[in-house]
Amino acid sequence: MSNEIRDLLESVKEGTVSVEDALKEIKLQPYEDLGYAKPDLHRKKLQGTSEVIYGAGKTAAQIAGIIESFRKNGEDNILITRLDPVKAAEVAETCEFTYYEEGQIGIAGCKAEPSGIGKIVVATGGTSDIPVAEEAALTAEFLGNEVVRLYDVGVAGLHRILSNMDYIMDASVVIAIAGMEGALASVIGGMADCPVIAVPTSVGYGASFGGIAALLSMLNSCASGVSVVNIDNGFGAGYLAGMINHMK
Amino acid sequence: MSNEIRDLLESVKEGTVSVEDALKEIKLQPYEDLGYAKPDLHRKKLQGTSEVIYGAGKTAAQIAGIIESFRKNGEDNILITRLDPVKAAEVAETCEFTYYEEGQIGIAGCKAEPSGIGKIVVATGGTSDIPVAEEAALTAEFLGNEVVRLYDVGVAGLHRILSNMDYIMDASVVIAIAGMEGALASVIGGMADCPVIAVPTSVGYGASFGGIAALLSMLNSCASGVSVVNIDNGFGAGYLAGMINHMK
Amino acid sequence: MSNEIRDLLESVKEGTVSVEDALKEIKLQPYEDLGYAKPDLHRKKLQGTSEVIYGAGKTAAQIAGIIESFRKNGEDNILITRLDPVKAAEVAETCEFTYYEEGQIGIAGCKAEPSGIGKIVVATGGTSDIPVAEEAALTAEFLGNEVVRLYDVGVAGLHRILSNMDYIMDASVVIAIAGMEGALASVIGGMADCPVIAVPTSVGYGASFGGIAALLSMLNSCASGVSVVNIDNGFGAGYLAGMINHMK
Amino acid sequence: MSNEIRDLLESVKEGTVSVEDALKEIKLQPYEDLGYAKPDLHRKKLQGTSEVIYGAGKTAAQIAGIIESFRKNGEDNILITRLDPVKAAEVAETCEFTYYEEGQIGIAGCKAEPSGIGKIVVATGGTSDIPVAEEAALTAEFLGNEVVRLYDVGVAGLHRILSNMDYIMDASVVIAIAGMEGALASVIGGMADCPVIAVPTSVGYGASFGGIAALLSMLNSCASGVSVVNIDNGFGAGYLAGMINHMK
Amino acid sequence: MSNEIRDLLESVKEGTVSVEDALKEIKLQPYEDLGYAKPDLHRKKLQGTSEVIYGAGKTAAQIAGIIESFRKNGEDNILITRLDPVKAAEVAETCEFTYYEEGQIGIAGCKAEPSGIGKIVVATGGTSDIPVAEEAALTAEFLGNEVVRLYDVGVAGLHRILSNMDYIMDASVVIAIAGMEGALASVIGGMADCPVIAVPTSVGYGASFGGIAALLSMLNSCASGVSVVNIDNGFGAGYLAGMINHMK
Amino acid sequence: MSNEIRDLLESVKEGTVSVEDALKEIKLQPYEDLGYAKPDLHRKKLQGTSEVIYGAGKTAAQIAGIIESFRKNGEDNILITRLDPVKAAEVAETCEFTYYEEGQIGIAGCKAEPSGIGKIVVATGGTSDIPVAEEAALTAEFLGNEVVRLYDVGVAGLHRILSNMDYIMDASVVIAIAGMEGALASVIGGMADCPVIAVPTSVGYGASFGGIAALLSMLNSCASGVSVVNIDNGFGAGYLAGMINHMK
Amino acid sequence: MSNEIRDLLESVKEGTVSVEDALKEIKLQPYEDLGYAKPDLHRKKLQGTSEVIYGAGKTAAQIAGIIESFRKNGEDNILITRLDPVKAAEVAETCEFTYYEEGQIGIAGCKAEPSGIGKIVVATGGTSDIPVAEEAALTAEFLGNEVVRLYDVGVAGLHRILSNMDYIMDASVVIAIAGMEGALASVIGGMADCPVIAVPTSVGYGASFGGIAALLSMLNSCASGVSVVNIDNGFGAGYLAGMINHMK
Amino acid sequence: MSNEIRDLLESVKEGTVSVEDALKEIKLQPYEDLGYAKPDLHRKKLQGTSEVIYGAGKTAAQIAGIIESFRKNGEDNILITRLDPVKAAEVAETCEFTYYEEGQIGIAGCKAEPSGIGKIVVATGGTSDIPVAEEAALTAEFLGNEVVRLYDVGVAGLHRILSNMDYIMDASVVIAIAGMEGALASVIGGMADCPVIAVPTSVGYGASFGGIAALLSMLNSCASGVSVVNIDNGFGAGYLAGMINHMK
């Protein structure tokens, strides 16, 4: 039970706050005051001072407005995801930020200094998985993690992943990103002894069904320590990896 | 065009066969006589003198009857698939044959002498895939192929498949059998330079959906030279592998 | 590159090991000696001295044999999962262990002392999810984690989860287990600021389709920090949670 | 049995209507006259004098024509759904009406005065569900219901829905609209003690499958009093809510 | 805001309750005391004094125990759903109640007196849908609603539903229960001008897929005022219908 | 408009029937009297005097009761479908009929004399499709059609169907029954120039998914004149074929 | 066995045809000469002198070329399906034909005179099903059938179909075309005593899944005499209906 | 174990290579040097000197760059798949190659001389399957195989495939390509006694679901010797067929 409620009760007892006002206070901020929740559970405070804006479905003007609002509140470091180049150019007219086209990510302010337990490896099966991988990698970097990128190490050319085994054995967390048959997650899960976050991608042809084949493959991985996020959800993987890499 | 038709026409010309009889002959054996097809396309003649009986859905009496019929026609080597132990015991009361319980296979007569180009490797991801593997391996052996069994070499313990890489590199054909995420086919497909026949199995839990996860994974393999047969279809894989191993 | 290879090369140079013997050594233990992998990547060494046996599909005799084998190699603490009561009774005839019926778990030796960063909360939506939850909780405990059980806190009675919010806010990792609509993962994901591992269960009626409804719901959670394991995969969740809780 | 038939029979008896004419009358309006059905069961008379036009798949000219026809028959209040802005502008050239772009709704004439039992709460999980929500809200308002809009109260930020609990506890009917994991319906269903109509939306990414994840989630809600309409069917939910709010 | 909190604050102000005790009180009963929710949101108070026990997955002893507990708390009228005959007989040994085998429903105490707005019609497409229908009908009756049963009025014999049209036109709510093609909901939806709750059943053959065909058919009904509950969820439909029939 | 209504109106005019009685008459028999429908649309009168009982889900006593009822009403020829041997034996204790075990069909009375346009060919892909085929064939025979059975003529042994091409070319209607890949319907559809009714069966293994593979295959047949009934619906195919064979 | 073969054999016997020439003749025209099949089984001769071109996927030039070719061979009456307006205009530049835009059908020459047993009713659930209906209706008319069009008679407004019941009772064949829930087929199947061909359409929203909901609904119809063709396959239904209407 | 490692060890023994250098060598080329794998397992060396570029998702500049790189390394014969005409024209500006538009294939250098065991037959069900067929045929030809094209021999016109039976009986491998119902694979599988590679195509309408109907049909083929590759995967089929045709 938070101190605010205790203080409020004390004030009521002392008569400095009326019963009605206390009642209103509890009603208006029911959980924050009670210590049940942070001011905005949905946009949980990230490490350091930073915020995230989900860019898809928002206009350039709306995004610029939110950035402005955050800045006024002292949040200078802001991650904008799913920001296509056209919209990025429009936002750039009114506020400054760095745009990473491959991951469709904009970063206002700067990435946090690496402060995690170890390194996060972001591995992809093919080159077409790279956009999802960059979304994951940039998100993790923004949140203060060192990232090692291992792209195009799919299992159909096994030596590619094997010759990078050192990185995987050393990793704090591995994000395994693959479309098609999604076997990368299992192979990495069998090599690594750290948490592996699998991201199926919608890359593929024929019976890949927009990522379902990879998703099912990853869910059925018999390697321990593997969990899965939604198809193409690079942000989710990067965020979770960063969270795990800051466990203490 | 087969010689039989030519001979028949010659006989008609010579008057030794009447028009009506020739007509009847052509009608009764329309394709065989014309050289379009073998007497029984469905049960294509296997290498040597041998036959296959699909045991599921047939009674012990029916199976014994078919064996008897084959033997009367000089077919002494007969493969019986999907033969459960109870039925096998019943069939054994009336006719002699060897029963392989793990693959639910009965073999009357004997396996053909190995005569193929090379060896067929039958690999499984786990131990629970072994029944399907034995169905494949025994079928291939019956048809005159040497078989190397690599069981429980799933990709979640990558060293297991790697330490058997020599067998895979040397194989004439590889049959890759796996349930769960089915990644074995891709990993083997990436290592081997021979045809790889992938068999998804219905082994698995949760979202494996009776083999669909493995099936989709295998169909989406980005390794070249991989094709897929139906879920749990060990016989089909063994038959096809034997066929490829006897290409000439 | 591991010291073993270096030592081996030194020995070759010094003439104390022949070229042939060195060659054989490298071939036989290709990855362990090269430092690429642990002796058995599949059964990665758990915290302390302990092993895991997946009980489903193994006979009581096989399980007893494996336990015996582990014990001879000095592994006294062994977790056996998916062990039904009948089989457990049979195994108990030949070797001693504790059986936890609700989670279908057997533990030979003892659970490791709690040594993780914090506590792991295992929460379920309903009472019928408890078997999966116990599999997760016992696995985590076996691996040296303190576990808080919050059972039957499904979102249809929101006050139940709210009145336990303190536990969730304090957790190191939360395992959210639910069938039916699987909303528990999202609600907990919105409250917690630690990693949340979602486990869909096959509990449900009508259009729950053996866990697919819950699985899809959990994959689509818009709360950050949530990842998903396979349907009913309590062991996987407990193992991963333990791994995260021991990050350092 | 309606009075019209009785009157008709009386007229036949009295000779003022011929048998043939009576026969024709019954044939032309077989059910209305018999009291079994309204003149147009498909377009059931709404509360007051009003009509609905489903705009999708109709040209602007067709829509204008139908409006004209309704007006000639004394129906001045008309709801046009699924009316995109371009078509709305075209229709507006020939007849007057108010256009609500967010819900793609046009209203000719006016909304009925609120006359329901209580208030209808329209809640959405996110901002991208708002178009469906506006379709529902405007439909309900058109039919004479007071509507409270609670937008962007998704469960991933639980305090948002909790701080609006009063509205939900007071509601006559709640329409819960959500894409992604659709958990909103369960959470609201657990709080409210009035009927909850769940509307899955096609909003989402990855494995949301155009609303299927939300649909399944909502169908499996274990909260009592929840029922579901088709994906994105805001009109259907608004209509049903209005109907329930006018029970008597 | 509930009077309890106000009273508590007054007591704190007056000094009759200490700050610590008030704090504890708020913590222990966070929502009940705050007026946000009923004591048990999950088991919302039904009309009159009554409770519901979901019998599936509970032992006879557990059910008897819960009944006992309710009775001690003054809840004499209890509905037990999904209670098979064997379990019912076991429960009957320790406590008295009426068992309705067709709907697999037990009722301890008595059904509430009918007090709704009108009558609830429960209609089924075939005779094999009757168990689901009885679950719905008995639930509604238990909650104080008069029920009209129209069984086996499927659309393949249209005159059967037409000759009962009066009941449907007069109904306050209709529950339309059907497997197979589920067309009953659309046909009734087209005739009725009251809310229609559609219940798909798992009855069917071939491509009915355990109720999916009926579910999709019902969700796609183009009749207004139709909503859908889960497959075979008779209780949910009966509960919701009762709720609507008591709107005021 | 039927003569009965005209007569009724004339009677009203003449005063021999009162307005009230006419009103009642129209109400009680709304469609039959109006000529819109037969007395029992659901159990449409078959050719000659005969009836059908769907045996699944009915007890032996119920079936015997219905037979008795039909016989009292002069219906001596009755088809009972989905009647398993155990139930058949029970029914046989109280009433006489012929039981056809393979098609799970009972026929009380006798089959109608063949009176159709031509012959109906019932063809199956394999021997395991025969139960469905017999249901179709016996239904057609019962309804007065001559049936030619071509069993086990699946396309994997093309000569089998080709050597029976005469029967197919001569048929009035063909019923093509197959599980597995369902190709039989397309091949027959390409050969025949009469209506082909395709019946997918649930026979199959692996990815046949209980008949879905065959169902999709048949729906996608590019041969003209092919339509499809539900999986395993032999009765439906036999009934429809009989109907077509009696077109005039 | 056809006379051509007999004649050929006679000629061989008489020596007017050499053995080699006879052999070649049999080989080149194996089935036509043997009487097994028509010259082109795929494009089976329709009633009278007419041909069908499937327009989708063919260029205007190709279509014009095929028309030309048919005409040179004396086929003056040609049906072109799936012909969009742009392509139709292009084809019209080089050859004369009538274009029916609603059904995307072109007819060169003329429709055959009605010669069937009775009338074919083409009924649709809604107005958006009309394109599929016109494809069916024009196909049937082209093949010499009289067609009655009953459009927009969906079951959600039951009186619409009921007031047209005479047409359905009188029909020789009914084609029931509907998207959404597809209930029309069942309702018509319950009223008609002639074959009903159900055509699911891809019209619909939300969970209609491009026609799957209607397809499943139609396959599960419990009315007898109903069979189903592929989604949107108006041509297939019209062709089959015409075939049935010319049974003799 | 390869000679390179042996040589390396000898050199270490002789002191001509230092321990550190040997260590580095093993690490950098771990598998090639150890004989475990070819230099690039993923792009396995094809017959002769040739390479493959998967064109989809690569820019013209990237493709030209890779071609340049290959040529510098002495690979003059290069196959580029999934190369659309626009990109092909761009690539052609900087490097010379032959473009085959129908199969969307570019070939730099030349096809290898036919050197296989026999001929590969590429058969399609319809004309719209030809693009996939050309991808397969050109791939096989590039890899040194003689190809026989049998296009538009779908089973709905059975004489078309029958009159080409000689080619199929003579083939070394058959690639059976079909959309819609995919029956071609079964029919060819029943005729041929060589391996049949089935390729489902996404061609089709209605319930073909982008190739799923054909895929399932082909997986369920009961003909022996049939295996399946991914939907539209002409390259995979051509590559595998070439591999089988070069077995020795």
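By letter and in written order, the chains are A, B, C, D, E, F, G and H; residue numbering begins at 1 in each of them.
Going forward, contacts are C-beta pairs under 8 Å (C-beta built on N, C-alpha and C of every residue); 3 or more make two chains touch, one makes a residue touch a chain.
This structure is a prediction, so every number in the text was calculated from the model and none was measured.
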| item | value |
| --- | --- |
| Candidate from D-E, D-G or C-E with the same interface as F-G, over half of contact pairs in common | D-E |
| Chain C-chain G separation of Cα centroids, rounded to whole Å | 60 |
| Approximate Å spacing (C-alpha centroids) for the pair chain A, chain B | 49 |
| Gap in Å, rounded to a whole number, between the CA centres of chain H and chain G | 39 |
| Chain A residues counted as touching two or more neighbouring chains | 30, 36-37, 41-42, 154, 156-158, 162, 190-191, 206-208, 212, 215, 219-220, 223-224, 230-231 |
| Pairs of chains satisfying the touch condition | A-B, A-C, A-D, A-E, A-H, B-C, B-F, B-G, B-H, C-D, C-E, C-H, D-E, D-F, D-G, E-F, E-G, F-G, F-H, G-H |
| Touching residues (chain side chain B, partner chain A) in the complex | 125-126, 154-158, 162, 180-183, 185-187, 189-191, 204, 206-209, 212-214, 216-224 |
| Of all residues in chain D, those that touch chain E in their complex | 36-38, 41-42, 44-45, 117, 162, 165-166, 169, 172, 190-191, 193-195, 197, 215, 219-220, 224-231, 236-237, 239-240, 243-245, 247-248 |
| For the chain G and chain B complex, residues of the former touching the latter | 1, 5-6, 9-10, 12-13, 15, 19, 22-23, 26-27, 30, 34 |
| Of all residues in chain G, those that touch chain D in their complex | 127-128, 154, 156-160, 162-163, 205-208 |
| For the chain B and chain F complex, residues of the former touching the latter | 30-32, 37, 40-43, 56-57, 200, 202, 211-212, 215, 230-233 |
